[in-house]
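After this come two complexes, each holding chain A, first together with chain B and then together with chain C.
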Partner chain A sequence: MSAATHTEVHANLTDEQVRQISDELDEPEWLLETRLEALDALSELDMPDVIRTPGRDWTNLHELDYESLVDPLNAAENKDQVGPEEAEVLAWSEAVDEHEELLKEHFGSVVDPQENYLTALSTALFSTGTVIYVPEGVDAEGVTIRTEQNSRSLFNYTLVVTEESSSVTILERQSTGEDSEALRASDSASGDEPRADEQYYSGIVEIVAGENSNVQYGSLQNLSEEAYNFTLKRGDADTYATIDWIEANLGTQLTKSGVETELNGDGSESQIVGAFYGHNDQHFDIDARVWHRAEHTTADLVTRGVTDDVARSVYEGVQDVGRDAWDTSSYQRENTLMLSDESEADASPKLIINNHDTEASHSATVGQIDQEDLLYMTSRGVQPRDARNMLVEGFFVPVLEEIAVDELRDDLEELIAARLRQRD
Partner chain B sequence: MARLELSNLHAEVADGDEKILEGVNLEVKSGEIHALMGPNGSGKSTTAKVIAGHPAYEVTEGEVLLHLEEGEFGDEIEIDDDQRSWNILDLEPNERAALGIFLGFQYPAEIEGVTMTNFLRTALNAKIDEREELFEDEDADEDDEEDEGFETSPMEGPADEGEVGVAEFQQILQEKMEELDMDERFAQRYLNAGFSGGEKKQNEVLQAAILEPSIAVLDEIDSGLDIDRLQDVSNGINSLRDEQGTGILQITHYQRILDYVEPDHVHVMLDGQIAKSGDASLAEELEDKGYDWVREEVYGTA
Partner chain C sequence: MSSEQDHLKETDTEARFEFKKEQNAAVKSDKGLTEEVIRMISEDKDEPDWMLERRLRALKQYQNMPMPTDWPGQPDLTELDVEEIVPYIRPDVDKREGVDDWTELPDEIKDTFDKLGIPEAEKNALSGVGAQYESEVVYQNMQDQWEEKGVIFMNMDRAVQEHPELVKEHFMTTCVPASDNKFAALHGAVWSGGSFVYVPEGVTVEMPVQAYFRMNSEGMGQFEHTLIIAEEGSEVHYIEGCSAPKYGAHNLHSGGVEVFVEEDAHVQYSTVQNWSKNTFNLNTKRAIVEENGTMEWISGSMGSKATMLYPCSILKGRGATDTHITIAFAGEGQDIDTGAKVYHNAPETSSTIESKSISKDGGRTNYRGLVHIADGAENSSTAVECDALMFDNESTSDTMPYMEIEESKVDVAHEATVGKIGDEDIFYLQSRGLDDDDAKKMIVAGFIEPITEELPIEYAVELNRLIELEMEGSLG
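This part shows the complex of A and B:
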């Protein structure tokens, strides 16, 4: 997997472009340096790991035509960033202005900018983002971030920092704008490039959860089905901190998404709830990972997904119990329901135990709608189509029940129902 | 009045050529209780599944006819002369249900995420809609099509409430659950999910009580029941017959339930055929002598 095998977007990217992005955001020198170093590292970095089964790479990130997808200086979006008064919810440029020390301490501390090719690309080029800072003891509900992408490419960054004994609930949503001037403009500038409507979205999320703080972070990705999406979300949980993730994916033609927690503090906890529904030729590559690195930590990973038509899904779940992680509890379940014979799904739950004082379970299933279940319902008079829809909606219920953010649960439920109703 | 008629019914497993039913003849009328008995593998459950339209079985010969009389579905549904007899093998399972066929499953499905209330109200309304469609006048077609086009727009929320609204349904459900001595909390639980064997069977009878079938086929409704619940379930079956005039085809291994649900007719199935029929005393005789006695009698004299 050498860098030479994929399109060398970095050959077209220049220090000058990165300087311009950083300059427009009025960033300090150290941030510019971080970006330039990331840019410089591109030629040596690999793509993120993907699941491979014999004879097959499930997700081929090398095939993407980054060179034409990445258009760093024409980023355009509509963004809402709102939250309660008690917490600070800042646009990136505001955060640069008001919280440089905070950024200096935490930016890149959870996700290494040079972790792989795509994180480095994102670090070098991100032009928008949100910083959420929750002071000690503050309870902040209802932070919502909505990003509507209106350009060929958009690089986004989110940082969440919670101080001791605070809590926050965050819902971040991505979609694609209907009208995108910039997209059309960049089209005419380039020649025989990819389909006019293709986009690339990249997002990095870092959460630094302070002692005894509680973070609920829900994500609902509903980008256009022409879009590509690379997202990496990772949290660092301090002593008695809790980080709960909800990761819902409905849009894009290809998504590579990782949701991860490092349980670094004693008694810390994390839940990763995932839901996806792929149809047409969508491809979802979802990773859920947790590292138990302290004592008395707990993790619960629950993902459910549906694939239809010729959609594909690949899931990798990792529970890594470190040598010093005494008294660990770690649970993982993943279930994929295939609605068509042509759709494909692969799931790989991994449990790595280096401390025997662990209670753990992991399982994954891939199946189709049970014909007995269907007959049970239709034999009572329910139409086959309605019976199937009820079964699919019911399949998501165990995941929906875990979603504490009402708005996200309602949105997701509606999107699932709407997608089902599109079907015959 | 309705009459279910199985005539020379042959069936085999769809993805194989294992013959299971080899010429079943049987008639069940509204208001009658029939017991269908027989050893394991004789074809009892297959008979039930074929009547309901299970996709795992293929009918190779014979018919399953449902004969309806005027007024079977009340005043609102007019049954024309040419709509009195249906070969239900030509119909989808949900259409069979709309015509009044009910199958109580030996192993009811556990459906996660779908509440009993939601499921049953959907089923009841679907049954009413489907029945209207099956019996609708030619003239009424146009109106209905307009309605449908409007309701099925993908942008709309869930279609309208249906014939039986939420509040009305809650009341029906509550009444029926009380009659069956069921805990009202069942209504908000997921369909059969985590139910005990007995609770599932009770739930089957509850569903029959709400859907008011013309003919109910109950596949081993008595298996896995303790004595108290056996009585509840039996009371439920008896009131299906007494109050709604449902014809019952009860498949069972045991004489036990027949003490509570007294059959008008008892049939013994052997090797995919009805080998012998009689009245309630036949069941007692079987209890004493076993099935070999029937086998000897039937094949011995053949």
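This part shows the complex of A and C:
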């Protein structure tokens, strides 16, 4: 079934398109080759894994209609990337120009471009991106990247490299622009029926955290609810390095997002904090994964989400402790709050433990708003609607408290409050 | 101490479980799965046509289904070659439906069950006993008082002949259809032996009934089928035990268990699985639970080379309850992949799953479980708790729960922990005069105690003893 899908999409895409994208970015030959190889591999690659239980696929990626959604040469976006002077925050084309060696060393080193069909598609077609380089010993606060999608499809790439004993705080936001001129242009060009505002966003993020460095990367995805989103973020933590992720999802009709850390260095640490709020017919498939591959490593995975209307959430959390990961500590908590009877919440927190010198636990809960809490508040004169909204906002507090980037926390709080205000 | 417990003091696993007997078969099928083999089995049992038809249909389904290979982290089944398995061996006994007097059995079979302690247990703690040797039930007996109340406890083959209506309605139809999975289909084609239990309305069978399944021959498959029907307001506790001597060739056990728990009925199903470490243990067990009914699955998995077993409760009626208690112990070369499945299909249903697993010497345990709460099953609740203990760095302990929640008025909680056996705990116990082995045994006993204390005493003693046997001699 997947083979057929691949052939169709593949037929739409050509080497020429990839050459043109690479050429416009003035990329060196090796990058073009990497892209072409990824394009070539599409026919053999599978879709990313989704959870299957008897009779059910938790996420159906084949619903994605790539043929009409992928429009590689008409990519359009509003983008800005800013950061403090101590760190280099470069647009992709600048990075190609100024840091070819850095890219050569790290591009594709954490996320294999040919890991699956969608990573290969993204690698072949990405036209915009950001490279953040933090030199040894530098503390860089407040790097922000904002990407506003204004085209049918957009492929984005982010690379973060931190040298020894440096630190950086990054906030990356995705949204959909009001300006849909490019959309209409591509519709008329293809001669298809205008597909309302359906879009496809794909992003790959690689973080290479050097020894004793500290990366905090927050993402706030607030794309249009017509959009499909595939994102894979993965970090490689060296000795004593820390990678902390914040993964907030509010937009899109379908999101498949992986947030992952490989703890490859002794004493490395990672925290993955997730928050989502799905309503209408949104479908979020959020995966948080950590691999403990060295000694004395620590991981803490905390995700909280809300499902409303007919939304569906899928959560997979994996704590994988390797044979050589002595003295591991690994914790995971996931809580879903269901605001509607028609919504669905699926969860699968997994432990894969191959070293007994491990302290690991996970827990997951699903439930509705506590009726006693609600009664307590309404009996004290709070309107039922306000009481409910306060309880939902309160539900997110344990996650919000983990977010050290003030701007991200404030934005997320406001978006949650706004979504609640839309409700009766 | 009663003589019943004397046999538990026997410390040598070889003497208790792994002894081998000469093979004296009256009928032995060819290896592999062909229509001829299926017809031969059915004919040897003098079955009605409808059962032969079900077998042949199941065979077709088996042939059309792929081997399960794509479950994340599943046990390796590549060494299992079903075509090399002998599916049917009828031991050489005179009476086909099973004798009701142990002394009427051939010496080697009687001696087998004596060593396993079954006749002793029957005298002391059971309402009835069935004993299966290879493919057939050779002993079947129940106390008269239960027979008088209309309780039926007979071997499954005989039930096909004597209770065709009940069997026709319930056998691999709504509960475990052959189409459920490849090994259920296999089971449907070659099943033989097992128990049929029928408890009439309002009857409480006070002491458990037990079935014991013994494989003696190398390279055989055992496919017993158990069908339990507990009518409204009735109550029964069924215990099954199983074991086999170890051989070089692989054995296959693929049982099928179907339980119908009617309104307000209560069924407890306990299993002590101690198959030899060359046995693939791939079972399908399922219960359908009606209004306010209660199903309890208690499983101790100590044996087998690879186990894939996820006892399932379908909570179909309002207020139905499920309890799963699972203990898995995997030593060298073992992959015990077990857990639970619960479908909450009605309001006010509840389930509680407790799993304890222990892995050592390179063994792997995995808790794999699915809890599904259907839309409309409001005010349902589920609580899952998995704890795993690891002995060493060669072993693996996985936990893979799946939760599908389609209803908002629910209370769903899952918790799991994994840890090692604590050096400090061992040191503490050693400083109080215990040696290393005894300290570890005590820690393991303490680890599973919250579960064993909920078990009937005979069962708890047996389970503890088995775990001690598993730990003996292999601790450094």
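The rule is simple: the second predicted complex is superposed on the first by the 416 of 424 C-alpha atoms of A that agree within 3 Å, B and C clash if a C-alpha of one lies under 4 Å from a C-alpha of the other, contacts with A are read in each partner's own complex, and residues count from 1 in each chain.
Operating definition for what follows: contacts are C-beta pairs under 8 Å (C-beta built on N, C-alpha and C of every residue); 3 or more make two chains touch, one makes a residue touch a chain.
Keep in mind that what you see is a predicted model, and the values were worked out from it rather than measured.
More residues of chain A are touched by C (comparison of chain B with chain C).
Once the two complexes are overlaid on the shared chain, A:Thr358 sits against chain C while remaining clear of chain B.
In the superposition on chain A, A:Leu102 contacts neither chain B nor chain C. Of the two partner chains, chain C is the only one that A:Lys350 touches; chain B does not reach it.
In the superposed model, A:Leu73 lies in contact with neither chain B nor chain C.
In the superposition on chain A, contact of A:Leu36 is made with neither chain B nor chain C. Those residues of chain A that touch chain C in the shared complex are 51, 53-54, 56, 58, 323, 326, 336, 338-368. Interface of chain A with chain B (complex): residues 370-373, 375-384, 386-387, 390-391, 393-398, 417-418, 421-422.
Put simply, chain B touches chain A in their complex at residues 52-56, 92-94, 96-98, 102-103, 105, 108-109, 111-114, 118-120, 122-124, 126-127, 130, 154, 158, 190, 207, 211. For chain C in complex with chain A, the residues that touch the partner chain are 72-73, 370, 372, 375, 378, 388, 390-393, 395-421.
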